[in-house]
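Below you'll find a set of structures to go through.
Two complexes come next, and they have one chain in common, chain A, joined by chain B in the first and chain C in the second.
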Partner chain A sequence: MKKGFSWYKPWHGWIFLIPTLIGLFVFRIGPIIFAFFMSFTDWNIMLQPTWIGLDNYKELFTDPNFYQILLNTFEFSLIYVTGTMVFGLLLAVLVNSKIKGIKFFRTAYFTPVVTSAVAVGIIWSWILSPKYGLLNVILEKWFGVTPPSWLGDAKWALPTVAFVQTWKMMGYYMIIYLAGLQNIPSHLYEAARIDGASKFQSFWRITLPLLSPTTFFAFTIAIIDSFRNFEIIYTMTQGGPQYASTTLVYSVYVNAFVFYRMGYASAVAYVLLGVVGLITWINFLLKKYWVQRIY
Partner chain B sequence: MKFVSNVFLYILLSAIAVIMVFPFLWMVINSFNSEENIFRIPPTLIPDKLFKKNMFENYVVVLRDYNFLRYALNSFIVATSAALGQIFTCSLAGFAFARMNFRGKNLIFSLLLMTMMVPVQVTIIPEFLLMMKLGWLDTFLPLIVPSFLVGSFGTFMYKEFFENVPKDLEDAAAIDGAGPFKMFFFVFFPLAKVQTVTLFIIAFMNNWNDLLRPVLYISSEKLMTITMALTQFQSEYEARWNYLLTGGVVAILPLLIVYMLLQRYVVEGMAHTGLKG
Partner chain C sequence: MKKLALLLLLIAFSVALIAETVTLEYWMWDPSIKDKVEKAIAKFEETHPNIKVNLTVMEPKNYWPKMRTLAFTKKLPDVFNMSSGYLEEWAKNKFLLDLTNYVENDLDKDKFFFNLFEAGKRISGTDRYYAIPFALVVTVLYYNKDAFDEAGIPYPDENWTWDDFLDAAKRLTKDKDGDGEIDQWGFWFYGRYAHVESWIYANGGRLINRETMRFEPDENALEALKFLVSLVKEHKVAPMPKEMKGIRQQDVFPRGLAAMWVDGSWNIENNRKIIGDKFRWGIAPVPVGPHGSKDVAYGWPDFVAISATTKHPKEAWEFAKFIAGEGLTLDMYMAGKIPSYKALTMSEEFDEVGKQPVEKGKVLRELASRKLLNSFTMGWSEWRGYGAAESMGLNGLIDAVLNGEMAFDEMLDQAYKNVNRVLKRYYK
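Here is the complex of A and B:
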C-alpha cells in the first residue's frame, strides 16, 4: 500500500461514534455529574430545589440506620465475593476433569446465571418460607432442628439473600476460572508429577500462582457485581425486616422513588460511588503484590 | 482405583447439580400443583395436577386471566429493541476504535470502560428526571433507549474482533473504492456474526431480566414487563404460590431455551466480556 492513502477521514471516526457519544454523555457522564450537584440540594420532585450544602451528608453520617446500611453493604459484598470466588474455583476444578458427560454438569451449574434474579428470588422465597418451605420441612423432619424464619428474622435476612445471590452467580465465576485453568500448560503438571509432587502440592504451587491473573479478573468483577443486589433484595425482603437487609443500592431506590427525596438519595448514591471507587482502587494498588506476570 | 475415584467424582458432581438445578425443578413441579396441594405438609414431590385433564390449568390462568402473555410480549419487545440497538451502537463504535485513527478516541474508549463500573443507582435519578422532562414516563422508551445507545462490553468485544481482521482485507476493499460506510457495512460487519449473535443474546437477557427501570418507569398495567409483573403479583396475592411459581416458569423458560440451544455463545460471550454492559 502507498503511504498516505486512506479510505477514511479522521472525522468519519466521530460519525461512527455518534450513538455511543450520545449515550455516554446523556446517560452516563451527564447523570454522574448532575447527581453530584443534586446531592447538595433538598430536591423532592414537587418543589424547586434549594441548595443546602452538606446537609444531606451530615444527615447521613448522623443517622444510626445509615451505619447499619453501610455495614449491610459490606457484609453482603463480603459473603458474595468470598462465596463466588471460592466456590467458583472449586466448581471449575471439578468440571475441568476430563470425564464423560462433564459438559452436562457445566451446563447445569451455569443455569442460574442466565435466569432472572426476580424468578430466583421467588423460588427461594418459596423454598425458605417458614411454614410450608421445603428447607424448613426437611430441617424439622429429618434433623429435628427448629429453623429460623430465614427472611423474616433480622439476624438471618441479609446473609440469606446474599447466599441466594451467591448461589445464582457461582456458575459465572466457574466459567472464568475454567478458562484460566485451561490456559495452564499441562507439561508443568507432568514435570511436577515426575518430581514427586502430590496433587495437592501441584494445585498449591502451580495452579494457584499461575491462576492469579484470572483470580484478579474474577475478583475485580465480583466486587463490582456484589453491589448489584437491587433485584434480589426487592424480590425477597424489600430491605426488611426494618433495615436489616437494606444495602446502599436499595437505600438509593427507597429514598429516591418511595420517599421522593432525590437530593438525599443522590448523596447516598455518591457514598455508594465512593465505596465502589475506593475498593476498586485499593484492589488495583495491591495487584502488584500478589498477581504473577505471565508472558 | 481410577474407577473408584471416577464414581466418587460423579457422585459429587451430581450432588452439586441437584443443588444448582433442583430449585428450578421444584418451581416447575409446583406449577402443576393445585392451591390446596401446594400447602400440604410434608410437600409432595408429585404434583396433583400432573397428567390430569386440567394439568395446565395454572398456566392458562396465569397467561390468560393474569395477563402474563401480554407481559411476556412486552418484555420481548423491550429486550429485542434494546439488543438490536446495542448491536448497532457497539459495532459502529468497536469498528471506529479498532480500524480508524483519530484524536480523542483513546479518551472516549477509557471513559466508556471507566463508567462501566459505576453502579446504575448513581445515574438513575438524573435519568429519571430526564425521562420525566421528555414526557417518556410510562412508555417503553426509557427501558430501551439507555441500553440502545451505549454498551461498554459490546463495544469492547467488537473492537477486539475487528482489530484481529487482517489488514489485507481492508486494503483490498479500499483499492476497490470502498469508503468508510461500505467498509463497515459490507466488509467488516458481516464478518462478526459470532459477536453479533453473542451480543444479541446477552443484551436480550439483561433487558429481559431487568427490574429497576420497569419498576420506575412503567405504571400502566398493560405496559408491565414480566419481571415487574411477577413482583407486583407477589405483593398483591401473597398466598397464590401456585400461580406465582407458574409465572416464574413463564419468565425464565424463554431464556432457558435460548441458553440450551445457543450455549456456546452465551457461556463464552459472558466469560469473555463480563456480565452487563
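Here is the complex of A and C:
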C-alpha cells in the first residue's frame, strides 16, 4: 500500500484551490480593496479619479441626512432581526410536527424567501396602497379605522418596508430553527413530561437553551442580512418620503449609479462595512455568555 | 521588370484607396426599434458605399454606466445617443466633437426645427453645437373630455389661464359615490420635475440663475410653486402625494382618478394602453400663468452625438446627420415624441388620425416651434431628485410640503441649502 497517494505533498491541495481563490479574489476581495482606495478619491467614472484624501468621509459625517440614514439603517435592522428570529422560531415550532401535509406549510412559508424581492415589493405596494389597497380596504370597511399611507407617510415608511422584508425572509429562519429543533433529543422532553413540566416550561428550560447555538447562528446571519435591503426599498419607496426610508445600502446605490459619485459611494459602503463588522465582532465576543453547547 | 512592379504597386495602392471602407460604431438606447434602425442603416450604406455602420443597442438602464465606462477607457463609439441631462457634462469634459462648423456649413437648417439646435447649445452651457437633436419631448396638459362634458366645462386650449384651470379643477373634483372620499380629483401632481417646472416656465419663471449657476427661484417661480401647493392645501383640488402611493404616477390620470394632469408628451403611449376606449381625452399646452407667455415651452431634445476622438469625423457627421433626420421614420418614435426633422412632424402620418388624442398633431407641432426652456445642469439628478433618487432632492422637499410634513418657507430654506450644496460641487 505504500505506492498509494504518498507522492502527494501537503501543499498540492492549494493547487486545487486556485480556481476558487481566483474567483474569490477577482469578484470579492479585489473589488473590496479597490473600493477602499476609491473611497479616498473623487471619481465619476468618465474622468480619471482624483485623490481627495478623507474629504468623502468628512462630507459624509457633516451631511445632515447621513445621521437619519444611519438611524434608519439601525431601525430597519432592529425590526428585521427581531421579527425574523421571533417569527422564524414560531413558524419552526409550528411546522415541527408530523401532521400529514405539514410539508406543504414548510414550502409555503419558505416561498417568499425565494421570490424576487421586486415581485414581493410590487404586490405589497398594492396591498398597502391607500387607494384600492387590500389592507386599507379591510381596515376601513370592516374596522372603520382610517389607516395612514403606509409607504407614503414619513413615520410609517421605514417600519413598513422593514416589515415586508421580514415577512419575506422569515421562512429562511424557520428552516434554520427547524434544523435546530430537530437536533434536540426527544428523550429530554419525555423526561420533562414525566417530571410534570408544562409545555411552556419545556420550551423555556429545554428548547430555548439547547437552541442557543442555532439562535447565535440565526442572529449573526440576520444582522448581516438586515443590511441587504436595497431591492425592497427601491421597489416600494425609493428611499422616501424624503430619506425616511433610505438606508446605507440604498444611499450607496443612489450615489454610485444615479449621481455617479463612485468615491463618495465607496465611502458610504465602507461605513456600512464598519458598522456590520463592529456588530458582528461584538456578537462573537458576547457569544460565550449565552450560547450553550449540546453534548 | 522593375517598371512593371512599380506600376502594379501603384494600381494596387489606388485601388486600395478608392475601396477603403470606413467602419463606424453607432450605439443607441432603444431596443424596441432595433430592426427599423438596421433598415435605416442599410439605406445609408447603399448611398454611402464606402461607409459601413455597426449597430449596438442597449437597454436604457444599462446604457449610461456602459457609456461612461467607454468614455473612461477612451473606447467611445463614433456616433451615439445623447440625452439633455448629460449633454453639458459630456460637452464640457470634451468627450463630444464640436459640430459647429458642420452645422453652420453642411446642414440644411430648414429641414429641422432649428430651435432644438439652439436648445442644445443652451443646455451644453457653451456657445457651440455639440449634438444633433433627433427628437423632442414637451410637457402638456392631459384632460379627461368625458369629465369635462359631465361638468359642462369647455375644453382647455392654448389661451387657458391659471384662473380657468383652477375653476375647472374645482368643478371637476367630485365625490361620486357619496362615501366622503373624493373619487375624481380635478388635478394630480407631486414634486416631480415634469409636474412642477411646467408651471414655473409657464409663468415666465426660473429655478436656476444661469449667470451664477445657483438655485435662485425668482418671483414668478415662487408664485408658481405657491399656486401648486395651494391646489392641495387650500383649494383641495389635488390629492396629497402619499394618498396615491402604490399606484404608478403615470396611471393616476388614465385610471380616471384625476381629470387633469401635466406631464411629458411621451405618456401618450401609456395613456392609450390603459385608457383604451374607456373615456375620451385630449391634450393642450400647459395653462399660461399671470406672468407667462405663449412662446415658451418646457421641453428638451434627445440627441445624436459624435465622439471627440472619432477617427472619421466627416463620415461620422454624414451618418449622424442621417440618423437624426432623413434616415428616420415615424414608426421609430414612441407616441408623444416629436421628430426634429420637419418632414416627419409636418406629415399627415404624425397626426395619427383615428387615435386619441385627436389634437395631438396640432398641439405638439405648435409646442415644438416654441422656445424651449429647462433646468438641466450637471448634477441635476441629485439636486432635483430624479429616478431612484426621487424622494430626495427638491422633489422630496416639495412632496413634504404637499403631504403636510413641512412648511413652505422651511422647504425653501432647505432647498437653497441642499440644491446649492450640489451645484457648488460642479460649478465653482
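FYI, the second predicted complex is superposed on the first by the 280 of 295 C-alpha atoms of A that agree within 3 Å, B and C clash if a C-alpha of one lies under 4 Å from a C-alpha of the other, contacts with A are read in each partner's own complex, and residues count from 1 in each chain.
The rule we apply is simple: a residue touches a chain if its C-beta (ideal position, glycine included) is under 8 Å from a C-beta of that chain, and two chains touch if they have at least 3 such contacts.
Nothing here was measured: the structure is a model prediction, and the numbers come from that model.
Please work out whether A:I22 is in contact with chain B alone, chain C alone, both, or neither, and reply first, second, both or neither.
A:I22: touches chain B, not chain C.
Quick check for you: in the superposed arrangement, does A:F257 touch first (chain B), second (chain C), both or neither?
Both partners, chain B and chain C.
Just checking: does A:G239 make contact with chain B only, chain C only, both, or neither of them? Give me first, second, both or neither.
In the superposition, A:G239 touches chain C alone.
Is A:S149 touching anything from chain B or chain C once the two structures are fitted on A? First, second, both or neither.
Second partner only, chain C.
Would you check which partner chain A:W126 touches, where first means chain B only, second means chain C only, and both and neither mean what they say?
A:W126 contacts both chain B and chain C.
Between chain B and chain C, which one contacts more residues of chain A in the superposed model?
Touching more of chain A: B.
Return first, second, both or neither, reflecting whether A:F110 touches chain B, chain C, both chains, or no partner chain.
Once the two structures are laid over each other on A, A:F110 reaches chain B alone.
Does chain B (first) or chain C (second) touch A:L91, or do both, or does neither?
A:L91 contacts chain B only, not chain C.
Just to be sure I read the superposition right, which of the two partners does A:M46 touch: chain B = first, chain C = second, or both, or neither?
second
Jot down the residues of chain A that show up as touching in both complexes, chain B in one and chain C in the other.
Shared contact residues on chain A: 45, 125-126, 131-132, 234, 253, 257.
Would you mind writing out the residues of chain A in touch with chain C in their complex?
Residues in contact with chain C: 44-48, 65, 125-126, 128-133, 149-154, 234, 237-246, 253-254, 257-260.
Report the residues of chain B in contact with chain A in the complex, numbered from low to high.
The touching residues are 6, 9-10, 12-13, 16-17, 19-21, 23-24, 26-27, 30, 38-39, 41-43, 88-90, 92-93, 95-96, 100-103, 105, 108, 111-112, 115, 117-119, 121-130, 145-146, 148-151, 155, 170-171, 173-174, 178-180, 183-184, 205, 208-209, 211-212, 215-216, 227, 230-231, 234, 241, 244-245, 248, 251-252, 255-256, 259-260, 263, 266-267, 270-271, 274-276.
Spell out the part of chain A that touches chain B in their complex, as residue ranges.
So the residues of chain A in touch with chain B come to 1, 5-8, 10-17, 19-24, 26-32, 34-35, 38, 45, 91, 94-95, 97, 99, 102, 105-120, 122-127, 131-132, 134, 137, 141, 167, 170-172, 175-176, 178-179, 221, 224-225, 227-228, 230-231, 234-235, 248-249, 252-253, 256-257, 262, 265-266, 269-270, 272-273, 276-277, 280.
Contact residues on chain C for chain A in the complex?
65, 68-69, 71-72, 89-90, 93, 95, 240-247, 257, 379, 381-382, 386-392, 396-397, 399-400, 403, 405
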